[in-house]
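In what comes next, chain A is part of two complexes: it sits with chain B in the first one and with chain C in the second one.
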Partner chain A sequence: MKTKQKTVRISIIGFGYVGNGVAEVIRRKREAIASKYGIDLKVVGIADLKGVIADEQGLSEEAIQALKAGNNPGDMTGLELIRDIEHDVMVETTPTNVETGEPGLTHIITALDSGRHVVTSNKGPIARDYRMLMDLAAKRGRELKFEASVGGAMPIISLVQDNLAGNGVTSIKGILNGTCNYILTRMADENLPYEHVLKEAQEIGIAETDPTKDVEGVDTAVKLVILANSVFGMNATYKDVTVKGITEITLDALKLADDAGYVIKLIGDVDSDGRLEVAPRLVPKDDPLNVCGTLNVATIKTDLAGEITVIGKGAGPIEAASAVLSDIIGLYS
Partner chain B sequence: MKTKQKTVRISIIGFGYVGNGVAEVIRRKREAIASKYGIDLKVVGIADLKGVIADEQGLSEEAIQALKAGNNPGDMTGLELIRDIEHDVMVETTPTNVETGEPGLTHIITALDSGRHVVTSNKGPIARDYRMLMDLAAKRGRELKFEASVGGAMPIISLVQDNLAGNGVTSIKGILNGTCNYILTRMADENLPYEHVLKEAQEIGIAETDPTKDVEGVDTAVKLVILANSVFGMNATYKDVTVKGITEITLDALKLADDAGYVIKLIGDVDSDGRLEVAPRLVPKDDPLNVCGTLNVATIKTDLAGEITVIGKGAGPIEAASAVLSDIIGLYS
Partner chain C sequence: MKVSMSIELKDIPGQLVLALQPISDFGGNIRSVVHHRDKKTPSGRIPLQLVLEIEDRNLSVLVERLKERGVNVVRIGEERLMDSMVVLLIGHIVHSDIRETIDSIDRTGFAEVVELSLSMPGVELKSSASVTISAVGTEELKDALAILEAAAEKKGIMVIASI
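Moving on to the complex of A and B:
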């Protein structure tokens, strides 16, 4: 219980799924966090396509609802909010663009240049320009954190950097895409063909209307690049990853695997020799990597601790917001 | 890569299995840690039943080997080393005594009173006198860390406190004793009775000559108390835990469970309502808690991140030393 309070002013740039989750989680947890960590989290600005709102005293719930309803577009741009409204942490949750990194890239650069710490769930800028962004953050004396970009609520980057500090990491191998895991699990358990399960996953919102990025392995590959750069100190980009998705996996293949005591999973694999691979792989049924449904999992191979496996929900707005929140608290404790 | 070096002087009290692991890991990793974290770890004193050695310039490998061989008993006591030799961190790795907490308890109190940080793998003092010790550490402005006391290399205390910061934890449930997990796994897989597998486990060093503490659930219960106090802020002791071990589990029971899609595991379970239980439980085969052999596992149920599961090696000198090392680095980064 800390008594001295520090106010931490936050902007949320990108107010979709995850951005809303962050606002919701801060609302729910503000008092508990103040009492436990001595920091008072105050959202002073929100920007998305519908408009931009700001209030240095902290946004009211009414203003946020009006923005959501499209009734309060405000009169500044997102970049003006980042630059001109005094605050401490910019939370970047706009949609990922792997090719350009935009608009997140410009948001992050602007925030660091304006002296804000940055916490993001956005894979694009981190996978594309990791080294440049970390150098910029160091130059500005600010931090750039991105736990939510890989594995949602499942801790992995901070797990290696903090909990396994002192360990050398030789490889990380895991299921980093919940949509693919859901599809493969359903196919195997219900003996249903790929197209059928994909359609069903789209209907219940687990797969997107255009599922390409998930099922072709692109999303897994981008997360692997983030791990390669942040954990292994590489300077990799998406082009360095050998990628094969799950679209050609047949019921026959799953059946053959099952008979031999295996399941088939879409595995991302990065090691300290610089190998980056995404491909369907046979996983023994009793291996910790054999997790079901939309779960994510990663096995981290280390020189001291041996193999550490972590399993958690890879998606969901509150789950991603949980990772964002832990990153924010980590800046001040 | 940090250039400014801070020397961190360390004493190791208790030079058995884990204490040797700590010395070994510091020897192996000293340069890498200096270059990555800017701290130069220097072991300036070691105490165990064979003797006590100290050198404020850092112990030589020869002195350590002589101590191990019983050829260099030195002329001070362990408590004198803790009190009188100037150092920063006391690593306490003497054997656990759940009833008295000794000798670890006196070592830890003396170290905190002498202005040392304490990092320990010793369950006894932490389970018995958690609140008193944390209060003393706070009063002295020093830290008391004990990640290695629960789950060996498997991060759990720091995982909740750091990676899941901001989350409310509703329960932690897991396999916290590798010996029991090994016995139950072998019984189920090989259809061998309890006594047979226990004997085999003793022969290969996985079970102790007197296996009571493991197989009766005492070890799991003590770890649960540490989690209850450190994660849930309780003030529990061993007496608050309902404990049942694995000695009465029959092959029939394992077979029945198997037929129904379950395995039987010795599960420790603590929740925010104050329930503390150790007992054999049915675990669905596809549950993340179903891990084999000597592995440990814990599922942490949270209000934001959902369920996070972590799996790792619960024992082994280098594995425990890994947790000690991460705790030491955490003091300075």
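Moving on to the complex of A and C:
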């Protein structure tokens, strides 16, 4: 237990599903974190399409609820909040845009330029402008962390960078999209065709109304780019990935795979030779990559530790917030 | 190619090196050596079981060299089709002449399609197939997969390979 407390003031930009999760997790864990790590997390600003609220003493629960209800639009912009309200860490949780990286890209640049550390779950800016953003962070003497952008709660970037430090990583392959894994698992288990399972997944909120990015492999590819850049030091973009999705997978194919002792999974695969590939692959039933439902999994192949496999929940507000929180604590320990 | 070989060595020191040295001299790769010290032949020699990979053309000179060195070569057998893998295909497989694709793999001499299961849900619908390919070694298996992928791409057939 640490007695000296350091106050860490946080802004949350983008108050959707993950942003809410972050606020919730900070509220739940604040005391435990203060006593364990000696840091007092205080949310001093939230920006969303519904409005922007700020309080340098820390936002009250009432103010946050009023913002959510649309009753408290405030009178500044998100960028003003990032620039002008004094704080330490900006949490960027706006939706991903793979093509432009916006609005996250501008938020991150503004925050770094204003001397804030940045913790984000947003894949777009990290996949698109990784090198530029890391250079900018270094120039400003600030950190940019993005564990939540790949694999949700499943630790992978910090696992490689911290726990496996000293190892050379030769490849990472795994299931990085829970929606595809759910669809393929359900098709195989229940003998239901693709279209049927997709509709079902949309109804229970596992697939989006426009599922293209998930089922065509785009989401997996973007995460692979982030791993390629952050773990393998490449300077890759989405265009460097060979991408095949799961829309063509037939029930017959799943059955034939089953007969031969395999399952079909959408696998993202990156290696130190610069190969970046997303494609449905046959996974032996007894391989650790054979995980079911919406779970994510990754096998990291290293020169010293051999193969390490991590499995975890790839999506969900609290799960993503868990990765954001560990990034924040990591900044101060 | 992969070869298994039974040889017999004199029971005096230095014989194992004498027998193995020529294999590496000819670029061979020894995969396994089993030394049967407890199963001496009536003439007092020690049997040795070898599995090695070596270029076709170097095999007969290797055997000659071993004989020159006083090593008895009792048996040579080619270990064919040591490695295999399953690949799935999805698309208009039959219409696009799967026979030709199989032939292109069989013609290589180092790989063969040893099993094929096909599901055809209807004339207009895409069919699915699982194909088992066997080859003499891992590298050859990769080559065979590349041949299959190239043929499938031309025909608009999706290939699902193993991880």
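Here are a few things to note about the model shown:
Operating definition for what follows: the second predicted complex is superposed on the first by the 333 of 333 C-alpha atoms of A that agree within 3 Å, B and C clash if a C-alpha of one lies under 4 Å from a C-alpha of the other, contacts with A are read in each partner's own complex, and residues count from 1 in each chain.
The working rule: a residue touches a chain if its C-beta (ideal position, glycine included) is under 8 Å from a C-beta of that chain, and two chains touch if they have at least 3 such contacts.
What you are looking at is a predicted structure, and each value in this text was computed from that prediction instead of being measured.
Of the two partner chains placed by the overlay, only chain C lies in contact with A:Leu289; chain B stays clear of it.
Of the two partner chains placed by superposition, only chain C is touched by A:Pro280; chain B is not.
Look at A:Glu248: by the touch rule set out above, it reaches chain C but stays clear of chain B. Legend: residue contacts after superposition of the two complexes on their common chain; A:Ile329 is shown touching chain B, with no touch to chain C.
Within the superposed three-chain model, A:Met132 lies out of touch with both chain B and chain C [touch as defined at top]. Measured by the number of chain A residues touched, the leading partner among chain B and chain C is B. Once the two complexes are laid over each other on the shared chain, residue contacts for A:Leu49 go to neither chain B nor chain C.
In the superposed model, A:Met154 makes contact with chain B only, not with chain C. Of the two partner chains, chain B is the only one touched by A:Lys313; chain C is not. Touched by chain B in one complex and by chain C in the other is not one residue of chain A. Interface of chain A with chain C (complex): residues 173, 244, 248-250, 252-253, 255-257, 259-262, 264, 267, 269, 279-284, 287, 289. Against chain A, in their complex, chain C makes its touches with residues 86-88, 90, 117, 119, 121, 126-130, 132, 158, 160-163.
Across the complex, chain A is touched by residues 25, 29, 32-33, 37, 147, 153-155, 158-159, 162-168, 286, 288, 290-292, 295, 302, 304-313, 316, 318-319, 321-323, 325-326, 328-330, 333 of chain B.
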